[in-house]
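Supplied in structure tokens, the structure appears directly below.
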């Protein structure tokens, strides 16, 4: 470790940098716990609707694009890797590497959204968007529509979180470029990373629930 | 217990006098004042709605306001009182002011987040008041589907948006308190030296952060379902209205504990001070608030015994509800035992608190009537329920809130109010409250449903009694406004510790300086080390 | 004005049981509240500041054995009381959730803001429920729009009435008279006007009332017409070519479901089979029936359900 | 100053590879006709992936126990929400 030469931005309410950093750590985890319950409502609604309409959910899930969904999962998992490496680089004081890795994360995030947008377009083309142009042949139309309502709601809220994450990462890149971080002070990058990973965790659960209900 | 007082530094009230110095302050004490002013405003808006409701109910016929207006009035009364007064009341004012002072910190862990919470609160309030001005909402504060999604023609989305936003204010406040209590305690302030008020703030914060997101997303689902006509709550679309009720009460039942846990914390502080004796069984008091917070999450289905919920689920929720009553019962017994062999004096805060214990006991016991499955078949959605939860929320939470305001007023403002006026107001509120709400228990057992704009004539006498009580209650609530304002200018200087109370907040000057303490205090003894009572 | 009631009339077998439960709670709550109040007042006077009462041996923060015993007592005594009361209330509730087999069915459809009630004989009434004393009555209820609640304080019972689903209530009236009927679940503008009467009549008077009622035809007869009108008979009729379950005698019998399990074909099952045909599919049949959700009014559906109930099984006693 | 030791870059890469392998497994298994097991496997793999992300990328492995409690609280309360709701929907 290089000696801590850089000044830590210490807020007046804290006694030392360690207290400040551990407060931030605890704060972000509590925030993430609220995010889990925020998404949790959708998972609960999904579970109850799926138990109620198992066949319709199986039919509907087959209408999603499993290839794009799987690729997107890979993209997001990879972005988590670059994010984790970016945090590590920032902690080590490797500014250029950190900027590069953050930029990669940002790019992968945009790729994810682009693929998601493509899927939305395909769904629109196939008349699968509830309230907009939904139509499905056969007697289960209403129940299939419920699946797609959940699908758009869950992925939509997730995408909003992705957009927020991308903005955060953008700010981190700008801050890193301004040399705002040091080996002693990197809390913003770390917290952005935590947020990014949690959004990834949410997707890890969305993926099998939306794309893989009944492929066999 | 702590270092000697420094030469009196500049009080936080003098840190700036412009409006902007308040609106941009990140000092937890100034933010507490911002909240105090705003929740008082909302309390009187909600109270005005209640006044018209009680006036309407003086006669059996719906002759004062139309049915539409009446429905909008009780909705606004509920929405404003629950989300804009009761839930933020003690945590956002007394909690904000006292949490750092009581644990010996300079501020909350995230002061700017704290200010952001207040702005979110105001933004949410603007949406809700906007919905009110634009024509109101008539769904009831419970937003039950499919009425709220498909059948109501009022401004449901705007009101839901207001509640959604104010939810994030609660979340951020809770997050701030948890981190502060974990990380910012002064040296020597171990977990079991924390004042019980801090324990109650901690328990409430757990509920804030874990329950509120569920409400937020549920209201989001309501808004989308209403706007786009697709969703999971309307049976006509293949959804289930009981799903909404589960999600709603998963938040809204713990939210009741967010109202009463802080009140319990306040009561514990005041009783021990005016009995000059340590709280009886401190540890079990601390564990009781945590138990209430956690088990309180497992009982929401008792709002749904007659909703068409499975009878087995109803059984589970019923027994869990009995279990959650046990820690509350323990607290009541422990407060009573605290009085034993004390040296009790009866200043206004103590009168409010003794009133709180009595009313909370009645409210809690009647809750058990409602938890009994077969009895709830009769009492559900009647005035019995209305009386029960007003005993908890108004008799409990508001009494304790007023007690707390009177207790810490000298600390917050540096001034003493007129104790005789304050005692008179406390007694007036107690009698007014009982006259308002006790007849409603009888009305409920007679079967009068809640949310009725008109009612059968044989219920009139009891309703008139209730309305008469409400007018006494209104005077009881307006009085403190007068003498407390009066004290700001003419009250005697309080000094650092007018009640000779224990606790770090009393060791700094009144009003405290911006940095709270001259030097970080060091804690060396258990809480409530009142020595007077011992040794006869 | 001054002879207002303080306690409601009681007109069912259940009502007295609920009242006993209520008075037990009232006694318990009274004892506890009074004990707390008396202790607070007593301590407040005896130990007021400046009083000469002895404070020796005050339980001052010392965690003594005696304190533990006191605490244990006021934890475990309430626990025991609570569990007893829970069990009592729950058993009463269960008793109340299982209607006797010989109960007479009455159908209730709630809509903003009225109660439409239909008797098996086809008699219809609005905001009034005529029932005989001394005979169990089983209410099968549903809503055309929002959630309502059918509340009869005189029987000490109520039940939410949900759209898209049947909920039930039952009672045996014991006393003739005219009592309140309320909607207890807030349902919109005229919620307070969704009220009516429960008229309990002596059995003979009730029969007379039924006879002079407005029934042109029985519910089953009306249901038979609806059965054809909505096209049900096209598949479920005797000479239909589609492979659909026959409905003769199905009511009250267990139905084997696709994917295992069975369910008793009660009113709820018949209702859901029309509205949500894919929820419980009869074993051996393709899930081809369309949902009638939004196509059929609940008022018509209760007629059809009553018609299906009236279909007797084939002479050999089996379901074809 | 830095309390958390910085993990080696290889660790992160290995975790990433494990995640991609699990992704392939879950995708592949979804095409095998296993009945209800499909859903169970999918969920189990999702839990495994989430744990990997949280323990390694989010450093729960080396975190103070209070942070682990905070992290599990969200999931625990979600389990309460889903579990007790299902006690109604499954028993109706």
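Read from first to last, the chains carry the letters A, B, C and D; within each, the first residue is number 1.
Rule of thumb we're sticking to: a contact is a pair of C-beta atoms (placed from the backbone, for glycine too) under 8 Å apart; a residue touches a chain by one contact, two chains touch by 3 or more.
Computed from a prediction, not measured in an experiment: that's the story for all the values here.
In summary, the chains found to touch both chain B and chain C are A. Per-pair tallies of C-beta contacts place B-C first.
Look at where the CA atoms of chain B average out and do the same for chain D: the two points lie 37 Å apart.
Here the spacing of chain A and chain D, counted between their Cα centres, is 14 Å.
Work out the mean CA point of chain C and of chain D, and you get 43 Å between them.
Chain contacts: chain D has residues 66, 73-74, 77, 81, 85, 89-90 touching two or more partner chains.
In chain B, the residues touching two or more other chains are 182, 210, 214, 238, 240, 242-243, 246-247, 311.
Residue positions of chain C touching 2 or more other chains: 293.
Chains touching one another form the pairs A-B, A-C, A-D, B-C, B-D. If you check the complex, the residues on chain A that touch chain C are 52-53, 55-56, 139-140, 142-143. For chain B in complex with chain A, the touching residues are 100, 105-111, 171, 174-176, 178-180, 182-184, 209-214, 216-218, 221, 224, 228-232, 237-240, 243, 246-247, 515, 520.
Within the complex formed with chain A, the residues of chain D that make contact are 1-3, 6-7, 9, 12-13, 15-16, 19-20, 23, 26-27, 30-34, 38-39, 42-43, 45-46, 49-50, 53-54, 56-58, 63-64, 66-67, 70-71, 73-75, 77-78, 81-82, 85-86, 89-90. Touching chain B in their complex are the following residues of chain A: 11-15, 19, 22-23, 26-27, 30-31, 33-35, 37-42, 44-45, 48-49, 52-53, 130-131, 134, 142-143, 145-146, 149-150, 153, 157.
Residues 1-2, 4-8, 17-18, 21-22, 25, 28-29, 32-33, 36-37, 39-40, 43-44, 47-51, 53-61, 67, 70-71, 74-75, 78-79, 82-83, 85-86, 88-90, 92-94, 96-97, 112, 145-147, 149, 151, 153-154, 156-160, 162-165, 167, 180, 182-193, 195, 276, 293-294 of chain C are the ones that touch chain B when the two sit in their complex.
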